[in-house]
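Below you'll find the structures, each written out as structure tokens.
Both complexes shown next keep chain A, but they swap its partner, so chain B is in the first and chain C is in the second.
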Partner chain A sequence: MPAFRVNKVTPHIALLPMALTVLVAYIGAALWTFKTSFTASRTFASDNFIGAAQYVRLFDNERWLLSLHNLAVYGVCFIIACMVLGFLLAAFIDQNVSGEGFLRTVFLYPYAMSFIATGLVWQWMLAPGAGIEGAVQSLGFTSFRFDWIIDQELVIYTIVIAAVWQASGLVMAMMLAGLRGVDPEIYKAARLDGIPAWRVYLQIVLPMLGPTVATVFLLLCTAVVKLYDAVVAMTGGGPGTASEVPAKFIMDHLFLRSNIGLASAGAVTLLIPVLALLAPYAYARSRRKRA
Partner chain B sequence: MSDTALQAAPMTFDTAPAARRKRRLSPARIGVYAFLFSAALYFLLPLYVMIITSFKSMDEIRSGNVFALPLFATVEPWQNAWRQVSGGFWNSVAITVPSTIIPILLGAINGYALSFWKPRGANLLFGVLLAGAFIPVQVMIYPLVWMMARAGVFGSLPAIVLVHVIFGMPIMTLLFRNYYASVPHELFQAARIDGGGFWRIFGQVMLPMSLPIIVVAAIMQVTGVWNDYILGLVFAGRDNAPMTVQLNNVINTTTGTRLYNVNMAATILTAAVPLAIYFFSGRWFVRGIAAGAVKG
Partner chain C sequence: MFTVRTLAAACAWLCVCAPALAAAAAVAQAPKAEVIHWWTSGGESAAVKQVAQAYRDAGGVWIDTAIAGGDQSRAVTINRIVGGNPPTAAQFNTSKQFLDVIEAGMLNNVDKVARAQNWDQMLPEPIVDVIKVDGHYYAVPLNIHMQTWFWYSKAAFKKAGIEKEPESMGEFFAALDKLKAAGIIPLAHGGQSWQETVLFSAILANMGGKELYLKAMRDRDQATLLGPDFRKVMLAFKRLKSYVDAGSPGRNWNDATALVISGKAGFQVMGDWAKGEFTNARQIAGQHYGCMAGFNAATPYLIQGDVFVFPQTDSAQAVRAQQLLAKVVSQPDLQVTFSKLKGSIPVRTDVNAAELDVCARKGIEIMKDRGRQAGVTEVYLTPDQNGAMQDVLTAYWNTNMPVEKAQKSIANALKY
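Now for the complex of A and B:
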């Protein structure tokens, strides 16, 4: 219809800010970082190309390898703990308990706060002497030790504890929404068949929540890669470099150690797992469209 | 309908709970309550410690138990804390207001154009934009610094607002696109036949019926911007540093005795705005959080 053809330009003009954001701030900036990762840039970006030398240097760098290791340990623990705790909270709340609204509020409020703020509280509660350790000792258990936050081997688990505290409420909220979408007839039928409740949840309901679980998993994975605030607030990467993570490594080399080339190589490396995660989603999406 | 993995799950809890059993206090139910009760303790403990510590004097903190209630409550730590972070508070307000209004407006325009006008290539652009929400900011941060330094705005209020516009755009666009996807297309067709143009239909038909999603978007954006640390640290500059950056400076870079009571009061002050939004907005917050979880 010709009437519908008028001002075809306006929608394009209206989407100009989005186009600029995508082309300049996302694609342009990512390509720029990719290019810089092959240069010898120090304080300022330079065009002195040195091939893959920055990547070689990066994977020779103890601190980077340690931060990758920390991220792996953190990622596995954080995702498993969040999923399990989030699902348990949702399943238990779903048992028609009283005070449901209150419990939901309590489990989700940490997510509303900045990790810079909450990380400081955890830092203090975990500090040896003052926090939990001191409190238990003053109860008479004088040999009680809880000094993970200053222990090189265990410090990363303190960040897991705080991060699970912050994020599992979100998992709970999304899982609970999924549970409420499950047909109540299923519970009735299972009860008639005499199947215990825990098996109903584990073997019937959980598989039905597949899409929710997948979404939650994707969200948690991206949160893992972005881990930065919690480390800055709780340990500053310490003791020493024991709780260093890639995002912090990159920030430090960009702004404190003026090694932009190395930082860019790190950023590109960090991009790979994200793209590897997104690819199956993009694939599933395009397939569904064609179907 | 949206077909992205990011789509907000329908966040309604008010449908009938799955298990409508008779309530009796069987061992299983005691177990349920015991689990939920201990979980609630774990979740509330940090907030409790924050609040009680902020009312204690340093002497009491040194001598007493971290979980004990204050014997002599004092508001002096609060006054001290406010002196240290009040500048950051107003900076955060100055950053958050434009960083909420502009992304919402742009998100609404994007969502409207994507849902009803479908210009050529727009969906591909949107796909890339969404993927951008998952990419760590470290990948984009230095080029953005360089561009802004070139444009002469680096380390200023416009710089930090622009960065929040850029990184808020995926979620804001997604929210409005999904919302408009549920609006009957006949409504749009009717407005077109009545001779409405792009902006007229947006301003007079779509925007007035977008209030619910605007509320959700505002809650998410205010919370996200207020809680941001890394972008404020890099782009805002010393004079505009948001509250989170100042809080971290106050606490993690001070040498000498740590004033835990002042620190905790400052922490509560920093968390107060998003916490208040959370406690007052309830389910709106949950709706937004489900779609906005991509951030952070």
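Now for the complex of A and C:
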């Protein structure tokens, strides 16, 4: 009987540190941020409650609105590009190409680099007059222009390029793992029926990868919301405010501009889309468990 | 027997060593100051070494905590104050950066030194505005930087056929046109938001004069910010964009200075720290390059600078170290040697300026006229307001935002 008891208690004790971390560091900090967003805190947190004034001010701020817009553009482009590219790479490697191990490493390698390093490298590659533009011009195409990084409208796409370069390898690895789980008999059967390979992948294999795709999608979503370091390293939010993102707005107000209240309001606002994405997912999972 | 002998030996040892121990204790008693600052570039670290040496000469122990980057350094200072492990002293800019820290009661005042040296009379008003709160002084100013100097290349002037320094906005634009016609970049500009604010401050001060400048930046008067005079300033600022080269976005200020040094560009509007770049390139003020604090004798002199603050502490020893440091850094001789290396000018006007360069001497001369003294935007605005204005200015500069909208956005940003 006592042995049974110990067995029941042990996993809970083992989980305790993690549970405490989640409770204090994540949920506790989130609640504290929520509270602070309703105060007039500046350099230091204060208990001077001012209602929703920080939120009113936040949505009166053009840089914040532009940041949200940029994040939406970036998010859609980044997720679609990563998924498509990652899947294509995985399907390509799945053809039993020679040197698979080597190619897999090459595609996954960018993910091992920090975002700051990625950003700096791409900043050099995209700098007008040097990098890609300079290289093509030196080949004789003197009228070639690729100056997106100093263009108001296009600068956000340069950040998409850098981020996709970095993250699509990870998507490939996960998709490849999914593909390897597909029953080889299916390919054989499809070949017997004379179905072209692209249709097999698109209409048969891809639907079977549902859970993998969902996981990849969720991972990419969190990567979108926390976008900060690549922007700082590549453009510093510029030219002007053209490539500002919400996380940078929050960091600036937290540390440089001594306005913890406004920064907290921004952070809470940013939490809402994350919860909106997570809630249906959690709901679906809990229903499946019950069923 | 054995224990007695040991005891005797111990006594003898103690007798011999006691004076030495006492001496060691005395050294430990010397005021020990840990100072956080962000003076890490060549000229800056040479300058701070002078302060450290002067502090040691006065009998103190200097512990240097240099942190690269002002933002980073200030964040560390505030975190350590909040965390209960404050440094003895810390650098801030002469601005509202540390107002919240004063109001939270986390700084010791330096009234004793201030009274002894009669700061009320001696210091420029914009500096007193930020370091004196509720009748107490909370920071010791070290130097004065002027943010909006016009630097120009004499070689570029010659090539473009410009004979004299412009004395009005009209003449300034005429000079820029001449430079453009001669195939020279008229205005070297680093396209980062803070540099756009520097450029804008220069135009506001020169075009609007002290009255409009203070009404807009200090009083944050909505009618002024939305009015026609402020609009003229905004339009002139935007007009400068057409004199800037395409490579400007994101450029660092010193790369822009390099363009002036090499004669590829005519003008740059930048703080007097740019002098260090000219000096490193072996150029001499008045010979290879020129400096103008403004277009005429009424242009306000926009003051910025560095101060030391002294976090609250109960330790009497730390307070002693703080008082000693406050006394040391306000000595005229140290202020001159410090400024000479840093590129700034001393806070005190009762100094021997002979060994400073021609631009610094111009600055000291201007500072004697109290009517020309004003602060940079950060002296009047909170970091938050200043940042919000900076966002609007950089967006206005870089996009084709209509001037009415930019005016409204600035008024809105300064409303809070």
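Of note:
Keep this in mind: the second predicted complex is superposed on the first by the 272 of 291 C-alpha atoms of A that agree within 3 Å, B and C clash if a C-alpha of one lies under 4 Å from a C-alpha of the other, contacts with A are read in each partner's own complex, and residues count from 1 in each chain.
What we mean here is this: contacts are C-beta pairs under 8 Å (C-beta built on N, C-alpha and C of every residue); 3 or more make two chains touch, one makes a residue touch a chain.
This is a predicted model, so every value here is computed, not measured.
By the touch criterion defined above, A:206 lies against neither chain B nor chain C after alignment on the C-alpha atoms of chain A. By the document's definition of touching, both partners, chain B and chain C, reach A:255. Contacts of A:278 after superposition: chain B is touched, whereas chain C is not reached. After overlaying the two complexes on the shared chain, residue contacts for A:40 are found with neither chain B nor chain C. A count of residues in chain A touched by chain B and by chain C gives the higher number to B. When the two complexes are overlaid on their common chain A, residue A:215 makes contact with chain B while staying clear of chain C.
By the touch criterion stated above, A:154 is placed in contact with neither chain B nor chain C. In the superposed model, A:236 makes contact with both chain B and chain C. Judged by the document's definition of touching, chain A residues 236, 255 lie at the interface with chain B and also at the interface with chain C.
Taken in their complex, chain A has these residues touching chain B: 3-4, 6-8, 10-12, 14-15, 17-19, 21-22, 24-30, 32-33, 36, 45, 85, 88-89, 92-97, 100, 103-118, 120-122, 124-125, 130-132, 134-135, 138, 165, 169-170, 173-174, 176-182, 184, 187, 197, 212, 214-215, 218-219, 222-223, 225-226, 228-229, 232-233, 236, 247, 250-251, 254-255, 260, 263-264, 266-268, 270-271, 274, 277-278, 281-282, 285, 288-289.
Listing the residues of chain A that touch chain C in their complex gives 42-44, 57, 60-63, 128-129, 150, 152, 235-242, 252-253, 255-259, 262. Partner chain A is touched in their complex by these residues of chain C: 71, 75, 78, 82, 97, 100-101, 104, 191-193, 246-247, 249-250, 382-384, 386-388, 391-392, 394-395, 397-399, 409, 412, 416. Of all the residues in chain B, the ones that touch chain A in their complex are 3-6, 9-13, 15-21, 23, 28-29, 32-33, 35-36, 39-40, 42-47, 49-50, 53, 61, 65-67, 106, 109-110, 112-114, 117, 119, 122, 125-129, 131-132, 134-144, 146-147, 165-166, 169, 173, 192-193, 197-199, 223, 226-230, 234, 244, 247-248, 251-252, 260, 263-264, 267-268, 270-271, 274-275, 277-279, 282, 285-286, 289-290, 293-294, 296.
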